[in-house]
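We just call them A, B, C and D in the order they show up, numbering each chain from 1.
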Amino acid sequence: DKPLSIIAGPCAMESREHALEMASALKEITSKLGIGLVYKSSFDKANRTSANSARGIGLELALPIFADVKESLGIPVLTDVHTAEQCAPVAEVVDVLQIPAFLCRQTDLLIAAAETGAVVNVKKGQFLAPWDMKNVVEKVRGAGNPNVMVTERGASFGYNTLVSDMRALPELAKTGAPVIFDATHSVQQPGGQGATSGGQREFVPVLARAAVSVGVAGVFMETHQDPDSAPSDGPNMVHLKDMPALLERLQAFDSLAKAA
Amino acid sequence: DKPLSIIAGPCAMESREHALEMASALKEITSKLGIGLVYKSSFDKANRTSANSARGIGLELALPIFADVKESLGIPVLTDVHTAEQCAPVAEVVDVLQIPAFLCRQTDLLIAAAETGAVVNVKKGQFLAPWDMKNVVEKVRGAGNPNVMVTERGASFGYNTLVSDMRALPELAKTGAPVIFDATHSVQQPGGQGATSGGQREFVPVLARAAVSVGVAGVFMETHQDPDSAPSDGPNMVHLKDMPALLERLQAFDSLAKAA
Amino acid sequence: DKPLSIIAGPCAMESREHALEMASALKEITSKLGIGLVYKSSFDKANRTSANSARGIGLELALPIFADVKESLGIPVLTDVHTAEQCAPVAEVVDVLQIPAFLCRQTDLLIAAAETGAVVNVKKGQFLAPWDMKNVVEKVRGAGNPNVMVTERGASFGYNTLVSDMRALPELAKTGAPVIFDATHSVQQPGGQGATSGGQREFVPVLARAAVSVGVAGVFMETHQDPDSAPSDGPNMVHLKDMPALLERLQAFDSLAKAA
Amino acid sequence: DKPLSIIAGPCAMESREHALEMASALKEITSKLGIGLVYKSSFDKANRTSANSARGIGLELALPIFADVKESLGIPVLTDVHTAEQCAPVAEVVDVLQIPAFLCRQTDLLIAAAETGAVVNVKKGQFLAPWDMKNVVEKVRGAGNPNVMVTERGASFGYNTLVSDMRALPELAKTGAPVIFDATHSVQQPGGQGATSGGQREFVPVLARAAVSVGVAGVFMETHQDPDSAPSDGPNMVHLKDMPALLERLQAFDSLAKAA
């Protein structure tokens, strides 16, 4: 069992300057702790609750910024893809293609992502049982790509609420794929604010700690220097300034969880 | 309140011959009863549980068959679209573009469907509250297309199970869009057979009757002359031979529900 | 299939005068329609959300009032029992002993109720699957009492919300016991107002209509001449003045559902 | 924050000999580790799925055995009470009165338990939100007893399944009462074997570890030297032989969770 890594960054890419600042801050934090870092940001919020919400800067502007982050800081980057066509161009720059939860059963998207040879991180749909991800993982592997990860991000629990079933983590591990716990979207309250999704930032450390103690390869956590003014997922992103203490704490639980 | 219509047909398009036979049989049944009919079939099962399941005959083969059904039988046709690119070509032939439940928040797909000017039928995601569909409907209308319908098809209820909340029907009606009840997928047991989804065909008439009595514009029901050998959704499709009695029954409940 | 009966009355017994007024009004309404009536009221709200909420007038004051209602109006009466000790004295007066949903698996209570020989109406726990009621019914029958009814009143669906699964009605019917649909508590929002439970009165007719159309022996509906000032369950009780129209409507759906 | 304690023992009391053996074995294990122990056993399984399942040895036989365990081993004991009448006699011997989850809103039972002055441990109903326990705790405190604990044991999640929401633990802590995580019943599959409840013993350490890492006062874990032949809860009890390693592991997570 390798030590915990994190997938972190602001939900949406805002600008080259912002991306480099955030990535650089995260690199500094994680280097000090000896935690692996994958930098995450989205170039398009393709399934916003409302059409009036911001979409993002788009693929063309984002790819050179991802390239800059990689080159200048030497850290791998992850972004989510929404169509089969996006996979190849994105994979020319980006290390990990992430399949959004709503799209986790779209066969063409999974196969197109798989065929790039990049690592594919599939988020488990809010509507799926953990054991259902076996078939999803097989879609990627069946396309010739063994580098697939799976991410738990909560299951539908009544209306506008998700629940994180910690039993899902060992169940997902049975696929043989590294298991990530998405502590940001697990505390989302989908559609919970009418035209936007709400969130419960205070539970991010709670659920992250539980998941790390059960045992995961990594934690996915969105962060921002000013979440309340971020273009998306503000209510559930962690303040950048809180990341060092949170990560140090998670690292301690991870060491304990992975001790023989 | 207009009388009940149905959206019906085999889950997957199998061949020109099969489509014409099924559509013709359904036309005969519904004409006798005076029930409006939209013929439904899928050209692609884009999100099968497992990559090993059959996908469908594809867009190119399917469109001329839909055209034949329309022309020879004079009935409108509906099919589901999975990418923004499919919308325009499909809308050249097909009357109603259906947005699959998993994709009901994909903004680009909704807008591309809307921009064709065809009727757009959006299935409510298993992960959405009924009131969340307000934003979805606005995405279609905001793209200039007032012809949007919404379909209830069950909400996630624990693992591998859906529940149909009848309160969702009046709640969905608040969007102002016609409300369809999908009696086929509401009895689906997602992923419930390991590599395929299960279903509870015996509950189709139960839930359809409940929904019609609460009040809906239409019922969506997949049907097949031999469901158990159908390429998909066999466990929850209704036998074609059972359709006349079932529809007659639903019609009676509909008349009562819509009586002043 | 016998025609629909109703179990109706104010949630809590308030006074002799109020009970006789309500029972008399309900008798008049149901007699006109030819609907069977069982008068319901509770002498004790034994599981209020908060200890600060009103409890009720108690067993000793209530039994003579139930006796009066029976004698003066000639209608059967129902009340809920909370302990094994209450069963025998209550059954001396009351026709139907009702087991509250939270207590539906308390073996001693079920057996004590059964042993009175009175009809026993068991509400399905919010935490039970419909097929789990088979064992509950067997507890009553095993104690020598074949006169057992089962009542659907919603299943837990996330927090502070219930959902009514219409599939539960035919599933419960497999027990062989008459199936009642409780339209009042199915729209309850347990604990949803902090120190009291909320409710959605507007959905009572919706769910009642759905249930009757699926097919039930009876509907349970609490009613009050002034629900908003009632000591309990105000938010989900039906206005007495709305009962005639609602019952007439349900009766029409019931006739249709039970037509050969 | 005091170090972790456990509430442990066989689900049902079987005999004096068995109780003393189990309690003595548990005392030895916990003493070595320096973990506080409350010995748990039930004298009556009052809400078995089926009436055909074993009930237990009863109050009269059980109380002297509890007294023996206390006296000979010097450890506090806990048992569950099902009626208000049982509270006083049980509290003469037993240190902690436990209110079963199904009964957690029965006001009279809560008050009778409170009035004994004994510690009262209330299990959160499977049908309650964590914040709903505030009113439950107030019922006990309002009766003059500040010594109340609350126990999380899973929330209804679809049919025959529970899910453990780790957010419930800090939410329950807001009541000011010590929070216990019941790792045995959280992995129960209620009614999941037809006439008995199933369980997933393999997830006991998973959920216990998650809960301890989030932070709890104690863990409730049923154990048996031969769970598969135990009269109840066999599928979810931990093998006694596995307890030392499991507790040592939990203790390490607890120390970390409670480190400043």
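What we mean here is this: contacts are C-beta pairs under 8 Å (C-beta built on N, C-alpha and C of every residue); 3 or more make two chains touch, one makes a residue touch a chain.
The shown structure was predicted, so the numbers you read here are calculated from the model rather than taken from an experiment.
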Which other chains touch chain A while also touching chain B?
-> C, D
Rotating chain C so its CA atoms sit on chain D gives an angle in degrees, to the nearest 5, of 180
With chain centres taken as the means of their Cα atoms, state the distance from chain C to chain D in Å.
-> 33
Chain A-chain C separation of Cα centroids, rounded to whole Å | 48
Chain centres from averaged Cα atoms put chain A and chain D apart, in whole Å, by 37
When you check chain A against every other chain, which residues touch at least two of them?
-> 155, 157, 159, 163
Line, ring, star, complete or other: which one describes how these chains touch?
-> complete
What does chain D use to touch chain B in their complex?
-> 157-159, 161, 163
Which residues, counting only chain A, touch chain D once they are in their complex?
-> 155, 157, 163-167, 169-170, 187, 200, 203, 206-207, 209-214, 252-253, 256-257
Over in the complex, which chain D residues touch chain C? Could you list them?
-> 46-51, 55, 82-84, 102-103, 105-108, 110-111, 125-132, 135, 138-139, 142-143, 155-156, 159-160, 190-191, 195
